[in-house]
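One structure is given below, represented as structure tokens, and several questions about it will come after.
For reference, chains read A, B, C, D, E and F in written order, and residue numbers begin at 1 within each chain.
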Amino acid sequence: MYELGVVYRTIQRTEAHVADQLARFGSATVHEAQGRVGLLHSGIRPVWGGAQVSGTAVTVLLHPGDNWMMHVVAEQIRPGDIVVAAITAPCTDGYFGDLLATSFQSRGARALVIDAGVRDVKTLAEMRFPVWSKAISAKGTIKATLGSVNIPVVCADALVHPGDVIVADDDGVVCVPRALAEKTLEAATKREANEGEKRAKLAAGVLGLDMYKMREPLAAAGLRYLD
Amino acid sequence: MYELGVVYRTIQRTEAHVADQLARFGSATVHEAQGRVGLLHSGIRPVWGGAQVSGTAVTVLLHPGDNWMMHVVAEQIRPGDIVVAAITAPCTDGYFGDLLATSFQSRGARALVIDAGVRDVKTLAEMRFPVWSKAISAKGTIKATLGSVNIPVVCADALVHPGDVIVADDDGVVCVPRALAEKTLEAATKREANEGEKRAKLAAGVLGLDMYKMREPLAAAGLRYLD
Amino acid sequence: MYELGVVYRTIQRTEAHVADQLARFGSATVHEAQGRVGLLHSGIRPVWGGAQVSGTAVTVLLHPGDNWMMHVVAEQIRPGDIVVAAITAPCTDGYFGDLLATSFQSRGARALVIDAGVRDVKTLAEMRFPVWSKAISAKGTIKATLGSVNIPVVCADALVHPGDVIVADDDGVVCVPRALAEKTLEAATKREANEGEKRAKLAAGVLGLDMYKMREPLAAAGLRYLD
Amino acid sequence: MYELGVVYRTIQRTEAHVADQLARFGSATVHEAQGRVGLLHSGIRPVWGGAQVSGTAVTVLLHPGDNWMMHVVAEQIRPGDIVVAAITAPCTDGYFGDLLATSFQSRGARALVIDAGVRDVKTLAEMRFPVWSKAISAKGTIKATLGSVNIPVVCADALVHPGDVIVADDDGVVCVPRALAEKTLEAATKREANEGEKRAKLAAGVLGLDMYKMREPLAAAGLRYLD
Amino acid sequence: MYELGVVYRTIQRTEAHVADQLARFGSATVHEAQGRVGLLHSGIRPVWGGAQVSGTAVTVLLHPGDNWMMHVVAEQIRPGDIVVAAITAPCTDGYFGDLLATSFQSRGARALVIDAGVRDVKTLAEMRFPVWSKAISAKGTIKATLGSVNIPVVCADALVHPGDVIVADDDGVVCVPRALAEKTLEAATKREANEGEKRAKLAAGVLGLDMYKMREPLAAAGLRYLD
Amino acid sequence: MYELGVVYRTIQRTEAHVADQLARFGSATVHEAQGRVGLLHSGIRPVWGGAQVSGTAVTVLLHPGDNWMMHVVAEQIRPGDIVVAAITAPCTDGYFGDLLATSFQSRGARALVIDAGVRDVKTLAEMRFPVWSKAISAKGTIKATLGSVNIPVVCADALVHPGDVIVADDDGVVCVPRALAEKTLEAATKREANEGEKRAKLAAGVLGLDMYKMREPLAAAGLRYLD
């Protein structure tokens, strides 16, 4: 783990039909569905709003201020992938801009998730290439030090293995381990099943207190109503 | 104060005609008008931009990672209220999403102000339900511990009593104590009275230095002009 | 340096044709072009998105919570200037709102860059007056203490002399010293020259690895490919 | 609430024998004992380590960068008091140094808790005057604007009324409302009663799992042991 | 990965003679020796200064505000272990105090590393039980939700597997993967070998420029000396 | 300004008798004495407590994660100097440890002030070499990119020219421009002159309200006393 200077070309990606379907549930539902783990911290925000994607993780580990490996990872992208970029120490530099986005997009990447900064954000929005990052910065990077591609990485507090599924939207980014992806898809599907019905009831003025039968446990816990 | 496990059903709300009128002045003017106190700290930001509201505070105190009381407070909402949610320790979890927003909206709530995170933010924007929060997070919460409803709370550095007026817009959120609301409305009205005239003068190139007669006090304070 | 209570009326501005042309390259390219220095830290963000400007710096040093000098600097603005506001200690108060923006705009200012907060942000967006700040806050300021105008200031980690060029866009804000402006303009022009060609290649699927001839140096640095 | 420009000379202090005894339990035990509320946020740290105090709160509300009211509050101090200083907006300036500490100490103050900065910290340690603050800063303050003394204040997320009890040590600072002080003292005493016995058992190698009888609830919650 | 509700009783610990020897090199040297990866972020600080330890990691994953699993992990501690505690979302609560420290110490634990808060810090120092944490907080925790023990965890940006070596001192905390521990020990030993000689030369006034033969590469890189 | 790749060997240092005497007043008094400017932000803290120094600034500009220029600046140190290290972008890496401290000390440096991290902090304390930094980190740096020595730098929000005086103690760090040093020394001396007398009065119970004759201005500002 954390080998430096290696590129794993062969990774086991989560099956596409699973990876693809997770997008429509969004990060919040998927996070719940897999037992409330795997969330990147909430400092990772979309560079432009409204995108909702899922895809298989291709990972890259970079050094602070050095984006050399971004070009190395580009070659490993397959259609349907999302690049997950971790840095070996906190850094807000702009590792990624319109040229790399053009390259990633042409390779079939669906998005970039990076625990650092990006730039050319106006162009990224115009290109509709989704990026989640912790900063926006005009500061560029050098190309001097080797990192690695497709090793397990820690990105924004979450452990991501190559081939895991990434689900990202305006609420945040969640990583679904490959081994749990199918089960998580099922659980997410189940969670969503009766959401429409619930929403209709709540819209009609039914209280969650009644719909979820909370009054009894609240009283049992000691809740007192006073006037 | 800070009783846990209690819900006050009867609170004294600021009169509607006062609470409602404060919205149009916005948080900055209202904050000035009441003597520059009562502002929530600037980390509290609108989840979607452009809303400008005022309403009477219904308060809820929750525990970190636990949104059980959100369902309890829903029942106490009356049309024209704004829910103010404080947490007993710093937390960025997503306490509130589209289902609760549907419920709050159907009860007549005008907005939510929360010193924590929310989720489903794309849907919140589509629903036009205004939320001010300190974070956006896909991380959900559990329902395990009692807090309280309609007790005085400290929310984002500000003390809010149930029935106070909340004024919120893109500049931030301010709490107007019930006892000061009418006076603050008068003061805000007065402040705004000649704003149009001032704006016209400034647009015409008149300097604030002259319009506000600042040259003399500046000179008295020792300001020197050099070439 | 850091004289207090002085206003320098005569400053040497970078020539307009240089200052004006830098806008179209954006902050990221200009920052690279001048050797990767002069960037304001990435906490300085546009209040509303999409603006891309350049102009000559007029500087103002203010005290925390006190915007008196904003009115003093207004008089020193000439068409094409960008006001750069530094504070003597960290502060997030709202120093600047719609009235000052009206005044600045009528004097010909192109933008404000401030290492503090601003307010009336909805109106600023409607007026299309670009502002880069580190905070948005409804909290106003007093007018009690002298600062200075057109002295060198440190703004968000960058040293700005009056007359320097400021380039700002969604990626951030960079200061180009007057003495380097022409050279930086040339360097930026050169950098952009073959960007279109590069973009076309990358869009066609050519890898940066090949386009930039990185394979050899990567191998020399020890990069290993594994399956 | 949040009246500006007022000094309440007459406040109801918690009885001394209650206020004094709370010190020996420390902030953690007292916080638990009163139901886990009233804690100042953990950014408030002791300026020098090792002090453990309790006393009755005398409150002061100040403006950012302005310590004028520190001299006003000094006169209201009685032996056994702890001064609690809140600021109307975030500020890290050094509001308090060796001269004010000398004055406070001579008036009988036991400590200062301030949601801002202090200075002369080496001397404060030598004087053994305990201070909890969120910053240390050489930056001084002016004396220009009125705040208030002995009004309820929000200090570091906690609501403090004059006369409440403050308990502070290396773990942090907790406010005990006057009305709850006696009950909290009893609860804290009870909590501590069998701590020694527990400590002895744990030191002897008994596991909390057994001592607290957790094995059954853990199993009921689904905990699985694997080899 | 990130299974919840499981306790792995059997883990492969790094051999003691390797794990034990790494302590004397300290975190900085060990971090360099293993290729500059594996460092926990610098927000993790010692609760009391001066300790320098190494040991084998026993990991625990906890939920925010819930320290139930601390008692579960206690049973899995063997002499020479260091407990590494990760939380599923950011939290500064005080998860650990003198009672748990007594228990851990009696089980043979050498230290605790936790990406959250601890309390009773004065007693921890008196007990000489070393703790590295990101916060100190009097706020306690509940015992309600299952986490896991001895699964791989992400702690303060670093991936830690049970059985890895933890090296911690006043400079920070580094995790050495079990598979790299022996090699890292060798590399660290080599790095230290001629440190004494270097120190003596530098103390005698020899410049690093000469000792490391940097003058030529600096000149080659273009360094110019001006008077 | 901000030339990269240059070393200025000849700088004009503030006269030693002035630079040396400023130490005894400490950063707070010196900051006041020169009109409340020149303070480094309060995130810059002493690595070990109790040192109080002044000296002439030798400046170095480094790149994030790269301490090559530390060896270059070492050669420019003269007895009585304090090295001031600025970084071109935010970085918490450990740029400086015991070997460089040995070298700096042998050259006669009195201290290091750095807007980044340092390591080997236990040894630095043992060596009694004072360091003020914004972080402590075991993470080392590379030696790859040229910065500059003895150019004006922005360090932690303050502009520092080579030859200026640095005054640092437990309260923070202040930069006194060379041209103002003598005047500041006089002003500081004057400020201290009657401090002893004031302290004695305050210790005797005289209130600042009376000693500073504040009662009248407070009343004039509208302060009301209530019972």
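The working rule: contacts are C-beta pairs under 8 Å (C-beta built on N, C-alpha and C of every residue); 3 or more make two chains touch, one makes a residue touch a chain.
Fair warning: this is a prediction, and the values are worked out from it, not measured in the lab.
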Contact-graph distance - origin chain A, target chain F: 1
Chain-contact steps, minimal, separating chain F from chain C: 1
Same vs different contact residues, chain C with chain D, by half of numbers used: same
Matching chain pair for A-F (criterion: over half of the contact pairs shared, by residue number), options B-D, C-D or C-F: C-D
Chain centre separation in whole Å, for chain F relative to chain B (CA means): 41
Chain centre separation (chain A, chain E; CA means) in Å: 28
Cα-centroid distance, chain B relative to chain C, in whole angstrom: 31
Multi-partner residues of chain A (at least 2 other chains): 36, 39, 89-90, 92, 139, 145
Listing of all chain pairs that touch each other, if any do: A-B, A-C, A-E, A-F, B-C, B-D, B-E, C-D, C-F, D-E, D-F, E-F
Chain F-facing residues of chain A, complex: 63-65, 89-93, 139, 142, 144-145
Interface residues, chain B side, partner chain A - complex: 5-10, 68, 70-72, 74-75, 92, 94, 97-100, 102-103, 105-107, 117, 119-122, 135-140, 143, 145-146
Interfacial residue positions of chain F with respect to chain D in the complex: 26-28, 31-32, 36, 39, 42, 45, 49-50, 52, 169-174, 195, 198-199, 202-205, 207-209, 212, 214, 218, 221-227
Interfacial residue positions of chain A with respect to chain E in the complex: 1-2, 4, 35-39, 41, 88-90, 152, 154, 157-159, 161, 177, 179
